[in-house]
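Chain nomenclature is as follows: A, B, C and D, assigned in order of appearance, with residue numbering initiated at 1 for each chain independently.
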Amino acid sequence: MLGDYTPDQLLSIFAMQGFAGLILFSVFVLMALGLAIIFGQMGVINMAHGEFMILGAYTTFLTSKLFALYLPALFPIYFFVAMILAFIAAGALGMLVEWALIRHLYRRPLDTLLATWGLSLILQQTYRSVFGAREVGVELPQWTMGAVSLTDTIEVPINGIFVMVLTLLITAAVGLLMYRSGWGRKVRAVVQNRTMAGAVGIDTEKVDRMTFGIGCGIAGVAGSAFTMIGSTGPTSGQLYIVDTFLVVVFGGAQSLLGTIASAFTISQTRSTLEFFTSGSMAQVVTLLGVVIILMLRPQGLFALKVRR
Amino acid sequence: MTGSNTDFLLAVEALTVSFDGFKAVDDLSFYVDEREIRVIIGPNGAGKTTVLDLICGKTRATSGSIKFRNRELTKLRENEIVQAGVGRKFQTPSIYDDLTVFENLEISYPRGRTVFGALTFRRDAAVRERVEEIAETIFLADQLERRAEFLSHGQKQWLEIGMLLIQDPDLLMLDEPVAGMSVSERVKTAELLHRIIRDRSVIVIEHDMKFVEDIARKVTVLHQGRILAEGPMSDVKANPKVVEVYLGH
Amino acid sequence: MPSAPAPATGPAASPAARDESTLFDTKEWLAFALVAAVILVVFPLCLDAFRLNLVGKYLTYAYVALGLVLCWGFGGILSLGQGVFFGLGGYCIAMFLKLEASSAANTKIQSTPGIPDFMDWNQITALPWMWQPFHSLPFALLAVVLVPVLVAFVIGAAMFKRRVGGVYFAIITQAVAAIATILIVGQQGYTGGINGITDLRTLHGWDIRQDGAKEMLYFVNAGLLIGCILLAQFVKRSKFGRILVAMRGKEDRVRFSGYNVANFKIFVFCLAAAFAAVGGAMFTLQVGFMSPSFVGIVPSIEMVIYAAVGGRTSIFGAIWGTLLVNYAKTSLSESFPQLWLFGLGALYIGVVMLFPDGLAGLWNSHAQPTLDRLLGRRPTPAVQGPASGATQPATLPPQTAAE
Amino acid sequence: MSRDHDDPISSPLRRKLLQALAAVPAAGALGTGTLGLAASRALAATSPTSGVNTTGLAVTDDTVTVGILHSVTGTMAISETGSVEAEKLAIEQINAQGGVLGRKILTIQEDGQSDWPTFAEKARKLLVDDHCAAVFGCWTSASRKAVLPVFEQYNGMLYYPTFYEGLEQSKNVIYTGQEATQQILAGLNWVQDEKKAKSFYLLGSDYIWPRTSNKIARKHIENVLHGKVVGEEYFPLGHTQFNSVINKIKLTKPDVIYAIVVGGSNVAFYKQLKAAGIDLSKQTLMTISVTEDEILGIGGENIAGAYACMKYFESLKNPNNEKFVPAFQAKYGKDAVIGDVTQAAYLGPWLWKLTCEKAGSFDIDKIAAASPGIEFKGAPEGYVRIHENHHLWSKTRVGRARPDGQYDVVYETADLMEPNPFPKGYQ
């Protein structure tokens, strides 16, 4: 199919495909980051991760309605407020869930899997009861629409750039938080040796709750950002679960860097395949590839040790 | 790298393992005779447990060779090493909490170890007798129907020893067998060990010096993954280097 | 080393001599008799043809739950992809039935008569090679079990040999379920796509849509299920069952007792796959079609809850759990559709947090002591024996077994 | 059912097919619609139950029981709710006019739970236990495929509302929605005439309806319109990343994007299309999968300018629709929107009533035989008529999406389009 194009066009194809891949990469990172913290640091399988994302999306939806109603002048910037609210809402729910459910289930990862699946069903039904079964349309500020033309033939959608920048910021923030802040040290201490961390005066319960809350909060922000590119409905979150888990596992669970690298690998593969084959085949081939690689290299791409 | 053939029961040669560049065991060589009792001592982090892990296959060597009756162990899977005649007791009691004492011992009984064998395994008289005999040895004859999880710490240690005994290994490796025991349990364990080390080779890791002196003929002192000293207890005890890094503390 | 096998007549005085050579102990006999009586006698007598068919459908899920009890309850291997095996089994028999329903005479109006209608709609002009052997019933029956077992073997061998377990295994099986669904839906020319393989009519000329046939199939289904229960019970009572339990807690120790753990896991995973596949095949026969909606992630996880509600380590609990959850689903979702999803969600949480041993646990901790007390007063020797925990000690987690 | 196959010459299926191919549009000319309405009460008085019900249906002297079978729970509940509402509204209106053959309609509603075996089960229940005289229901093809053998085995009557891929015809089903050619061909003709379109990019969700529809579209574009298909692509259900295909679209610059994406993917697709700078006021996009219902989720501003090819739009101007829309909104709220399928579902009870009155009976065989030629002049979409192949003759319309979520009707075919579920030359 490439024979039909001039070299110039080919260049723009590759450039635009590269951006498409980068956008997909950002989406994956945003999805996986919260989960990587929760799963990687706490060993908890949060099957309701997608529902936390959708909570963020619904928060954005409500915020947009409120702004349209009461603060129409500020509508263009409502999105930033919405993201903060999404973080708070999802984070607060996350902490509540940690307190009510998760803390009783540490060391029983398969049970957290089932319990959070139950939670996801309950959340879905709650969304359905509150917001209706149909997807809601989130009205976006005008500036998020359209594309930036880099050259005559290379165009990049603004919302894609927005998601990329957001991903960069959040990743940097999480990195700082985990590796440069006192709180991050505490988290890592608790992960490595819970008893010892407790003994030296770290409130492990509080650290757990905060970690879980922050992981869920990031999911909320991701959900908020996804209103730009995806759908917001009661069951939309479920669509993300498989991809998200595979990204985290493929990256090697415990390492943040691994998660990012794995998101990059998977997104670029899929985006390239999508271009040369079709959407369905691309997804099957990518999933299959990831599963086969995981079978051959169960520790994931970048982890140093096998966790059992 | 493959080691040469020897008359030793166990020949460890040039054994090295590194974790992310850190050499936990560094170019280690030592030999264990048939029916020898070898005690390994050394400060924390000296690599004692890692050596046992390497021999029993739990950890894979980076280089070097481990030969058991001139059979290379580094390439075998754990279960094959066990079937070759090496038994291992872990530092913290590693038993099956959800099973009874009887079932714990029965699982360790060396018959029906394949899938098909396990499906067709029958609890016949030979099995029962052997289980009861071992239970007698490890002071648990009256606890056979008890779930292992409800045993005391000392009893769990004994049970694990019993699980090794029923395998009847030629080389028995014990990692701190008396750690965490009460005084009376400790006495009984010493007595138990004395009985079971009689007709096989044993490698013991132990911190309890009195216990070590009691059973050891030859001691290997490890420090930072290497052998610091080796020889009869009395020699080792007098070795100034050993005193400095270990005994002096 | 003493090794002369002898009949089980060891020292009788010791409690250790409790007889494990029989398939059931007394309590299990009762549980088995109850299950068999209910599904073979009570249901057929009390339910009309419609309800009986419904229960028959529920029971096909019980095969999956049964497999999960062995695989997850005993072995600690949680597969979130059992729907794949259920589906594969179902598709294998559906392919045979579809070919029989697509005789040249029945499909005259197609541009290519003699091939399934959905192939014709997808411009396929000749029967694909992988469909060819499904003209033969023996092959199809064999494939029902062998194809899923082969898939399970490949997955299991790859994963367990490399010691992937627990959560990782669960996530990968889930991905497999996702892949299977996308493939089945996408390759509609070969699989019938999202509609599945529908309009199945006869099995060797025997019209499976008639009430009589459905009743017959119910009994075949119930019989096979009882066969699978017996097989599961055999595995549980054998040393294999105890090794599974041992593996669940201390995998390393089992290795150092001289067992190749991976082989045991592969076997039990394949067995669970085979059970699920038989269930899928019976589903197809009783319901009359197979579709990708039983293969995906959601149905696969839902099947886990059947086993969990019954009590993840209870073979008989799996049957009751499946029946109960499905009954609740059918009746609750009719009258309170909203409530049902809340209820199902709460069920997952409750069964994990409050009743980890499900129905079986509740029975053992509440009903059984009462029953023992009642029966203890009467001169009934049947249920006498060691205290309730002792007959099934291997399988009960601490909460209920505390004596 | 087996009879059909043992003796193919007399098979009703085959006979109808032959008739369909022979195309006999004149057959429907004999109107029964007005006659039926007027005669309803007279018939009631003169039709004893034993006469109108010889097959043990749930008919008494003053009631007749029908079933409604849709998903009220599960993933399909979103789509099927509108159909349930429309069917209930129609039944209510019919009852207000005196019912069918003088009998009030009672309904039994069952929930298919978005689960195909459940649909089959409930269909069996409605037919075997409840002896429903007719069932209005199903939405997805998968659910229809699941219940079809049940309806054929127990001889029931299903009124199926959704536009679908065709390739099916049964004595026991009346298809009140369009089969694929009715939805596609006229729209493509229009877009070629109006937009001088030569090149088309086909895409859709990966399952039978979009694939079959695109297949028909491709044949029509290549063989009839002599245009070019520059790309054809499918995405798994629930797919949310369309940037790659949007790039391909930008590169191939098709005159028309022909999109049959469904569900949540729809939302993502149109948002990303807009974000990528593809302006639907300049780039022609035609869809057959977005009704007013779907726009609620997509957001009107994201899809404004796109063309949809349907038989009904809520904004349609005709006397019937001007009564129907307010009636619907009076019952279900003023925000309720009415899509193509909802309107088709509304037709079901009315068509059944008219057929009963023509046949003078509730018996399924008589209904099936009397159906061809039944006309309904009160349809919100305008005049419709049942074809010998049990599908409806109806017009095809093209609407242009407005930012407020409604469509402006920009074109409608002059004549009714003939339903042709097994289109020769398109397979």
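Assume a residue touches a chain if its C-beta (ideal position, glycine included) is under 8 Å from a C-beta of that chain, and two chains touch if they have at least 3 such contacts.
Because the structure is predicted, anything quoted here is derived from the model rather than measured.
Participant: What chain lies farthest away from subunit D once each centre is taken as the mean of the Cα atoms?
Facilitator: The most distant chain relative to subunit D turns out to be B.
Participant: Which whole number of Å gives the spacing of the CA centres of subunit C and subunit D?
Facilitator: 39
Participant: Mind checking the centre-to-centre distance between subunit A and subunit C? Centres are C-alpha means, answer in whole Å.
Facilitator: 35
Participant: Averaging only over C-alpha atoms, locate the centres of subunit A and subunit B and give their separation in whole Å.
Facilitator: Measuring from centre to centre gives 47 Å for this pair.
Participant: Show the residues in subunit C shared as contacts by 2 or more other chains, in ascending order.
Facilitator: If we look for residues of subunit C contacting two or more partner chains, we find 182, 186, 338, 341.
Participant: When you check subunit D against every other chain, which residues touch at least two of them?
Facilitator: Where subunit D meets two or more other chains at a single residue, that happens at 206, 234, 236.
Participant: Under the stated touch criterion, can you name all the chain pairs that qualify?
Facilitator: Inter-chain contacts occur between A-C, A-D, B-C, C-D.
Participant: How about subunit D: which of its residues touch subunit C in the complex?
Facilitator: Within the complex, subunit D contacts subunit C at residues 1-2, 5, 8, 13-14, 17, 72-73, 110-111, 113, 115-117, 120-121, 124-125, 128-129, 140-142, 145-146, 148-149, 153, 165, 167, 206-208, 211-212, 215, 234, 236-237, 422, 427.
Participant: Enumerate the contact residues on subunit D facing subunit A in the complex.
Facilitator: Residues 75, 77-78, 81, 206, 233-236, 238-248, 250-251, 264-268, 271-272, 274-277, 293, 295-302 of subunit D touch subunit A in their complex.
Participant: Would you mind writing out the residues of subunit C in touch with subunit D in their complex?
Facilitator: 49-50, 53-54, 57, 103, 105-106, 108-109, 111, 117-118, 120-123, 182, 185-186, 188, 193-196, 198-201, 207, 209, 283, 287-289, 291, 293, 333-334, 337-338, 340-341
Participant: Which residues, counting only subunit A, touch subunit C once they are in their complex?
Facilitator: These residues of subunit A touch subunit C: 43, 45, 101, 104-105, 108-115, 117-122, 124-125, 128-129, 238, 241-242, 245-246, 249, 280-281, 283-284, 287-288, 290-291, 294-296, 298, 306-308.
Participant: Please output the residues of subunit B touching subunit C within their complex, sorted ascending.
Facilitator: Of all residues in subunit B, those touching subunit C are 56, 58, 77-79, 82-83, 87-88, 90, 94-100, 102-104, 106-108, 110-115, 118-126, 128-132, 144-145, 147, 149-150, 163, 167-168.
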